[in-house]
Structure formats: C-alpha cells, structure tokens
Amino acid sequence: MQLNFLTIIDVLGTFAFAVSGAFAAMDKKLDPLGVIILSFVTAIGGGTVRDLLLGNTPVTWLTNTTTITVILIGAAAALFFGSILKKLPTTLFIFDAVGLGLFTLIGIEKGNLHQLSAGVCIAVGTITACFGGVIRDVLLNNVPLIFKKEIYATACIAGGLVYYLLMQWPLNEMLAKTIAILLIVLIRVVAIKYKFSLPKFYK
Amino acid sequence: MQLNFLTIIDVLGTFAFAVSGAFAAMDKKLDPLGVIILSFVTAIGGGTVRDLLLGNTPVTWLTNTTTITVILIGAAAALFFGSILKKLPTTLFIFDAVGLGLFTLIGIEKGNLHQLSAGVCIAVGTITACFGGVIRDVLLNNVPLIFKKEIYATACIAGGLVYYLLMQWPLNEMLAKTIAILLIVLIRVVAIKYKFSLPKFYK
Amino acid sequence: MQLNFLTIIDVLGTFAFAVSGAFAAMDKKLDPLGVIILSFVTAIGGGTVRDLLLGNTPVTWLTNTTTITVILIGAAAALFFGSILKKLPTTLFIFDAVGLGLFTLIGIEKGNLHQLSAGVCIAVGTITACFGGVIRDVLLNNVPLIFKKEIYATACIAGGLVYYLLMQWPLNEMLAKTIAILLIVLIRVVAIKYKFSLPKFYK
C-alpha cells in the first residue's frame, strides 16, 4: 500500500517534471535530443542529487525501466503535442506545481528512511523537488527561477512542516502526505495568481 | 589484452578532451591555472559523473597518476603550442571527435561491468562522453553545445547501438569496439562537413 | 586536540563562506530563501564535492547541526546586518580569504585520512576551498571568478605545498597548518592589494 502510493506519485511527478523540462528546452530551441536530455535532467536531477548526498548509489533510475519510459513519454508528449499543450496557458504551471508537491514528499520519505531529523528531511524533500529545476536552469544558462521570482522552495518547506505537524496526530500517513502535497500545489497556485513573492527585507 | 585496450583508449581520450577543454578555456581568456582546471574538468567530468551515478567512489582518477599526468601534458600542449595547433583548423575538432568515440565505449564497458541493460549502458556511455563537455560549457557560462547545434550525443547513441548489434555476431569484442568508435568519429566528421543537425520537428 | 582544531576552523570557515555566499546572492537581488540557499551552497559546496569524490556519503553536513546552525547565522547576519557589514569595504574579502585558507587545510586533512599522495591531497584541499565558490558563481550565472581574475586557487596550492614542506621538519602539525592558512590569507591580501594575477603567457 505504502509502496504503491510511493510508486504512483513517483510516476506522476516524473511525468510532470519531464514535460516541464522539455518545454523549457523547447523555449531555448534545443534540438530534439537536447529536449529529451533536459526532460531527463529535470525529472531525475533532484532525486539524483538527493541520492548522491545520501549515498544511495547506484542511483535507482539507472535500472528503473518505469522511470525511463515515463520520461520518454513526457518528452515525446511535449515534442509532438507541445503546440496543443501550450495553448492551455496553465498547463506547464500545473504540471510543475504537482511535480513539486509530489517530489517533496518522496524526498521526505527517503530522509525518514535514513532516520534524519525532521528539519533535515524537509531540506532533503526541498532538494528533491527543486534541484531538477535548478540543474535545468543552469544547463539552459538561466539564473535558477526558484532563487529569484516566486514562492517555490518556500512552498516545499511549508508542505514539509505541515506534514510533520499532521503526523503528530494519529493520522493516516497517506492522508497526511496527500494534504501536504495539496498544500504545496495550493501555495503555488495562490502565489502565481496573486503574484506573491518573499519580501526582500534587505537593500 | 582487454585491459590494455581499455588503458590505451583511456589515455588517448583523456588527452583529447584535456586539449579541447584547454582550448575552450583559452578562448574565454582564463588564466593558466583556470585553463588547467578546465582541462581536468573536461577530461574527467564525464567519467566522474558516471562513477558518481554508479557508486564507483572514491573516483579512480584521484589515485590514477597516468590520468593526471596525461591531462597536465594536454593542458601544457595547448598552452605552449596552442597557437601552432590552432593554425591546423581541424585539430580541435578531430581531438574532440576521437575523445567522444573513445569515452562512449569506455562508459559502455563500465555499464556492462555493472550488468546494466544495453539501453542504459548506451546512456552511461553517452554521459561519459558528453558530460565533461557539458560541465566545461556550464563553467564557461555557455549553453552546452551538445544540446543545440550539432549531431553530438546522437553520434554516441548510434555508436553504442552498432556496438550492441555487432556483439550479436560472434565478433571479437575489440574489433566491435573499434568499429563503433570509428563510426562515432565518422558521424561527427560527416555532420560537421555537411552541417547536419537533428531536424527540429516542433515549433 | 586535533579534533578540536579541525572543529574550530570548520565553524569559522563555514561562517565565512556562508556570509560570502549570502552577499553574492544579495548582489543579484535573490529573495531571502534564495540567499539562504546560496549561503548553504557556498559553505558546503566544496566539502560536498570532495565527499562525493572520496565516497564519504551520506555527506556529513546532513546530520551536522553545528554546520547548519552556523550557516543560518551567517545568512541571517548578511541579511540583517549586511548594510553595516558592506560599509566595511574589506569585510567580504577578508571573510572569503580566511575561509579559503581554512577549507584548503580541512580538505588536505581529509585527503590524508584517505592516504592519498601529497599532490592529490593539495588538489582535494583546493577543491574543498574553491568549489563552493564555483557552484555559487555557476548558480548565479557568472563565469567562476577563480578561473579568471585573481590569484585564488593558486593561493590554495601554494599553502598546500608549504604545509607539506613544513611537515618534513619535526614540526607541530597544528603550527604547520596555521602557517599554511596564514600564508594563503597573505597571498590573497597581497594579490588583491597589488592587483597581481597569473601571467597569461598564451595569446
């Protein structure tokens, strides 16, 4: 049950991030193979950094046919149906928000398996969710979006905190995770809709 | 025999990539130590990413005097005889193409040692061959060339496929590798000569 | 005693690099969370690359409350008292120079624990000291400073060489380390004051 839930959110998050990576690559006019590589990097980058830091090597996606297949499908969907997908103006954003929530909780779960403290687990979750996008932006020669414009890593941290708060109650873990994921998506939606960003309290 | 072949192509590929890294650094007017560092990063970057992903740590070049010596010779050759080498307009390109072919096959061999599937081994070979150049370009603040302009990673993938096809026959492995390497070099030469690139079939 | 000395220079170096990372992030107008992330990346980036290369995983800062606390204090100091700190024009520079010296010697010590040769230990020390700054510059979309403008990695290498020379004498190790650290700081101060840089002997 636990494993199934982990597998499902892994597949969904991987697909979402692969599409977002492909779109970013297509915006920079990369060739199709470059688009596929950016799909991979965005989808597995955060998890790979996490696994390297935790010493989980060889990294799992090397032998995970599901992950590889899902990423290729995501890249192909963006390449062949991208002009359709992009006409839906919120598509890229929703994919990204869902992936963000899903990957944060996967990262927290991996941190828990390593018996790390709650604060560090939230950091590991944030790395899992955000560093695929950071590597994508670095490869495409942009300052990573997450450092600059929007509530992004902040949403992951908030979702992580809420997850640990909910787990203080005798609450079903899957329910707590679902609430945390939805909260992360919600924060992203509200932040974009109302153009929230963290206040810069320095000059 | 097998080991010797691996050692020789390792030395040749390392030298080729060190020179190409040094040239890229000199184009950006780095100081001599920066040139040497870029030689190292380009030559060992792809293999290091591969070893980190596969969990082959400590990475081998830390204790491999041959590799370190070859890279320093490559950097010195570029620094002291670069003006001569650059007058031969195809020098940088041929070095790069040979390194590309050699490193792809080294990566595939390492993947085979980890008993990974053929598809993943080809990906590991492509990472070995291309990611030194990716890190070089990222450090020099360029969008990595391989994502954009030319048949590059494509050549590695094609060479890898041909290697696995040839191994279906009862063929000498060294011969199969040599053919695959030559094919990768050939694809690169043809792609540059006739300005081939992957068609962008999206808008 | 040895351990204490290592701990103290670790804390000082971490604080120095966290502040320098925060200042660099604030120069690029990152949001406060981005500033904190850049503080982390700058402070632990070099040590993390070293630990990944040496296979020291899980990396230690994940479970090191002291390091995390020191970085957060450094980031907060830069965010809240940055306008004061920046009025002292040499503040950022001195922090950076001290961190550079301290981290070089920590890296050399880790290399020695892995029984690597002196030359490789100096490289490991230089990576420890410089790669946090390299990752900082890559994330902020700059060509890493150390490759270009100033005597930087050169100072680390010189300090490392002097350390190994001093250890040929029956000298107290802590004294040898202190001298090497002070030398690195001195080289940086002299290089900046007199605008030294490595001669570009190529065209």
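Should a chain be cited, it is by its letter among A, B and C, assigned in written order, with residues numbered from 1 in that chain.
To be clear about the criterion, a contact is a pair of C-beta atoms (placed from the backbone, for glycine too) under 8 Å apart; a residue touches a chain by one contact, two chains touch by 3 or more.
As the structure is a prediction and not an experimental result, all values here were calculated from the model.
Chemist: Graph of touching chains, which shape: line, ring, star, complete, other?
Modeler: Per interface graph, the chains form a complete graph.
Chemist: Same or different for subunit A and subunit C, where same means more than half of the interface numbers show up on both copies?
Modeler: Mostly different residues: under half of the interface numbers shared.
Chemist: Suppose a student superposes the Cα atoms of subunit A on subunit B; what rotation angle should they report, nearest 5 degrees?
Modeler: 120
Chemist: Between subunit A and subunit C, what is the gap in Å from one C-alpha centre to the other?
Modeler: 31
Chemist: Going by the contact rule already set, what residues in subunit B reach two or more other chains?
Modeler: 52, 57, 138, 141
Chemist: Where on subunit A is subunit C touching in the complex?
Modeler: Going through subunit A, the ones touching subunit C are 52-55, 57, 114, 116-117, 119-120, 124, 134, 138, 141-144, 146-149, 153-154, 157, 197-203.
Chemist: Spell out the part of subunit C that touches subunit A in their complex, as residue ranges.
Modeler: Of all residues in subunit C, those touching subunit A are 25-26, 28-35, 37-38, 48, 52, 57-59, 62-63, 68, 79-80, 82-83, 138-141.
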